[in-house]
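Letters A, B and C mark the chains as written, and numbering starts fresh at 1 in each.
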Amino acid sequence: MTALLELRDVEARYGQVKALHGVSLAVDEGRIVAVLGANGAGKTTTLRAISNTVRRSGEVRFAGRPLGRRGPDGVARLGIAHVPEGRGTFAELTVWENLRLGAYTRRGSLGADRERVLSYFPWLAERRHQEAGTLSGGEQQMLALARAFMQRPRLLLLDEPSLGLAPVLVTEIFRIIRELNEQEGLTVLVVEQNAHLALQVAHSAYVLEVGRVALSGPSAELRAHESVRRSYLGY
Amino acid sequence: MTLRRLLPGLSASLAGAVVLALLPFALSEFHTALAAQVGIFFVAVLGLNILTGYSGQISIGHGAFMAIGGYTTAILSRDHHTNLVLTMLAAFAICFVFGLLLGLPALRLSGVYLALATFALAVSVPQVALKFDRFLGGSNGVQSRETVSHTWLYGASWTAAAVLFVVAWLLLRGRVGRAFRAIRDSEVAAVSAGIALPIYKTLAFGISAAYAGVAGSLFVMGTNGFAQPNEFDVVLSLQLLVGAAVAGLGSLWGIPVGAAFVALLPTISKDVPLLGSAHGQDVVFGLLVVLVMLLLPQGFAGFLRTLTRLRPRAGEGT
Amino acid sequence: MSTVAATQQNRPLRLALRPVNLVLVAAAVFLLVGCLRSEIFAQQTVAGLAQGAVYGSLALALVLIYRATEVINFAQGELAMATTYIAFQLIEWGVPYWAAFFATLAIAFVLGTAIELLAIRPVQHKSVIAVVIVTVGLFVLIDGLVTWKWGGDIKFMPAPFGQEVYHWGGVAISRQDIGTLILCVVTVLGLWVLFRFTKLGLGMRAAALRPAASALVGVRVDRMLAIGWGLAAVLGAVAGLMTEANQFILQPSLMQAVLLYAFAAAVLGGLESPAGAVVGGLLLGVFLNLVGQYVHFVTAQLRLPFAFAVLLAVLLVKPSGLFGKRTVRKV
């Protein structure tokens, strides 16, 4: 079975500085895969390489076909939703406009999608006309998830969803991610510094070090792995 | 700075100086006059570059300072029979003060707002000159007491250009220049490095205005000593900006090219055959401005930079 | 979370009490009272509103482009003038006025997007100054092309609304002024509907605000910019055609003064604010007329410098314009 997403020997650079030195990974449909690693390991760059917001070489295949030279908007149209670092919130627009933008690539009416989104994030209804920038950090993160969900993507790329959030909110967000995966069959590639939480939610994971894949495997295996425990889980 | 790094610039300047000194002997009167115009624009564009390229404050109003300098020369010459070279010094000083004065409110504005405020200034100048006609002569302008030959103007403008170029070079490689560049790149960072923004920003305005004033002074001498409002309209300010951009902001070495571009092109485009009328000149000039910017967005200096980057450096392995 | 919601509820009230809005209300009251008390005042106000509607339309075009591309388009006025000449040519060829009008709007849209594609896009990401200079070059180029093709002499176009003047309670109001006001209002409203309620408009707003985030949700940012330039050109065409109708004559210098007033109006309103540009234009038009009528120091020559003096005064108090958002620069 071909994976939904496949990276083969992907290199990426920021100007003259190379950030990825040949990363290969695969994400099967319907799974949650985590990308772990320290700061600067290249986790965010990996996601950027997929949505082509960084100069990359090597092959990225989605549903068996190479992404080629498609820009980020082309990648989005294929059914990949990328929630970047900083959440990509349109702070000056309202909550509802943010959600409408999430559905930008979709045709037809948004009624059914709106219902589904509200079933996961009921509090969005009363905040519809609020400026998105006035939401708290946790609310913005959930808005970002809701926006990505409005796109009805096949693959969700999440960059550090826990960043800057209180633990209680982080747990909530990961609960929603797992629910979206189980109920809607959403495939998720999540980059996380919080290895503990990520390994609880993800089915498998890759550990990046200095722009290369150092380890990979099912979450249970990695959790038990000596160096992972020492470097990322703290025990 | 080592002599080696200075060498290309130094040799270019010396070569340029030699060429300039010998040029009048080879050129006709008409062409000498044109060359003098290039010298005048050289001074003005240099001044604008100090403000916009080095300290990062955009001005689309430097024609106003040229006007002040030009009228200073004309009035001093007409009313006080002042020696023309002295009037240039007076123009420098007066415009320096005006520049400082303008720099103060400019501290409150940034980016495009500053650009439009200076633009407003440029637009208003001819009208103001027309309104206050008792002192400034209205539409009749002000006529200086003496006129000069093309060769004299050539000598004066290029001497001024050379002197002011050296002054600028010294200024910009020293502490003042570093402060300017720091301000241009990031005001916040500059302040945290202890640079007093108000002082340096107004200083930049003062210096660049003074340069424009000298250029204006020479400009009036070039129009038979006659200072007139519509010589200093908004188009002049736009020409200066175009010249600075074509030269390449933030560098001194492209300025001759920028100055030549705006001083010579309108005249040259008049001779372009295909379009016939005088309006063909606008088409050609406009088209060339667009094309030059599309091809060389960083100006001539940027082009030079790319050239030096492409040349392989000695002593580096593959 | 509850405190945020609470502040949100107070928002309408806080919005109403903002100093800018109070100033506007005061101005409106002043104008109303003046109109009721003096016929000349009323006449100048109406004429000023019509003139201001034109300034506001062109100012809106400038703001649209500034928000999308972060540059001031110096060629906006000349492009508006050129499209007016195109309308003139169509009419010369026998096309009825209003058919030519709408055809010109369509042509203007195409020209605007073409300019963005050919002259702006290549340098857009390289250097802001380069883009500004390109627009300056276009200014000269378009002016030259028009003068070359049609000559610099005066031309005449039919009056779109007729020459009638209505008398209403002693106040003389021309049909032309009413027509200009209605046309500009309709155009601006149309754009407002586009931006607020359509997917395309949302995409354009998003692309102007946050291009990177927009690309990630599938917005074709480059295409949005081109469309923005096209719409700005359409606004310019309306402004140009109405200016010609107001002045009765057509010549290459048609829009040069209007462009300058439009700059003033755009900055007055705050370059980021479309509403500000329109309001700024109306205010400018009305007050310049009134000042010209009642303040004798400000002669016709000084009208433009006076407008800019007012503008500079406003900027010194509120550096980001009347409706501009205050960016905190603690330096």
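Everything below uses one rule, namely that contacts are C-beta pairs under 8 Å (C-beta built on N, C-alpha and C of every residue); 3 or more make two chains touch, one makes a residue touch a chain.
Bear in mind that the values here come from a model prediction, so they are computed numbers and not experimental data.
If each chain is drawn as a node and touching chains are joined, the picture is a simple open line. Think of the whole protein's Cα atoms as having one middle point; the chain whose own Cα middle lies nearest to it is C.
Between the interfaces A-C and B-C, more contacting C-beta pairs are found at B-C. Taking the mean of the C-alpha atoms as each chain's centre, subunit A and subunit B sit 53 Å apart.
Separating the centre of subunit A from that of subunit C, both taken as means of CA atoms, is a distance of 42 Å.
Work out the mean CA point of subunit B and of subunit C, and you get 32 Å between them. Across the assembly, subunit C contributes no residue that touches 2 or more other chains. The touching residues of subunit C, when paired with subunit A in their complex, are 1, 4-5, 8, 199, 202-203, 205-206, 209-210, 212-221.
Touching subunit B in their complex are the following residues of subunit C: 66, 70, 72, 74, 119, 122-123, 126-127, 129-134, 136-145, 147-148, 152, 260, 263-264, 267, 271, 299, 301-302, 304-305, 308-309, 311-312, 315-316, 319-321, 329, 331. Within the complex formed with subunit C, the subunit A residues making contact are 51, 53, 71-73, 76-77, 81-82, 84, 88-90, 92-93, 97, 100-102, 104-105, 126-127, 130, 134-136, 139, 147, 151. Within the complex formed with subunit C, the residues of subunit B that make contact are 52, 58, 105, 108-110, 112-113, 115-117, 119-121, 123-124, 127-128, 130-131, 187-188, 191, 197, 238, 241-242, 245-246, 249, 275, 277, 279-290, 293-294, 297-298.
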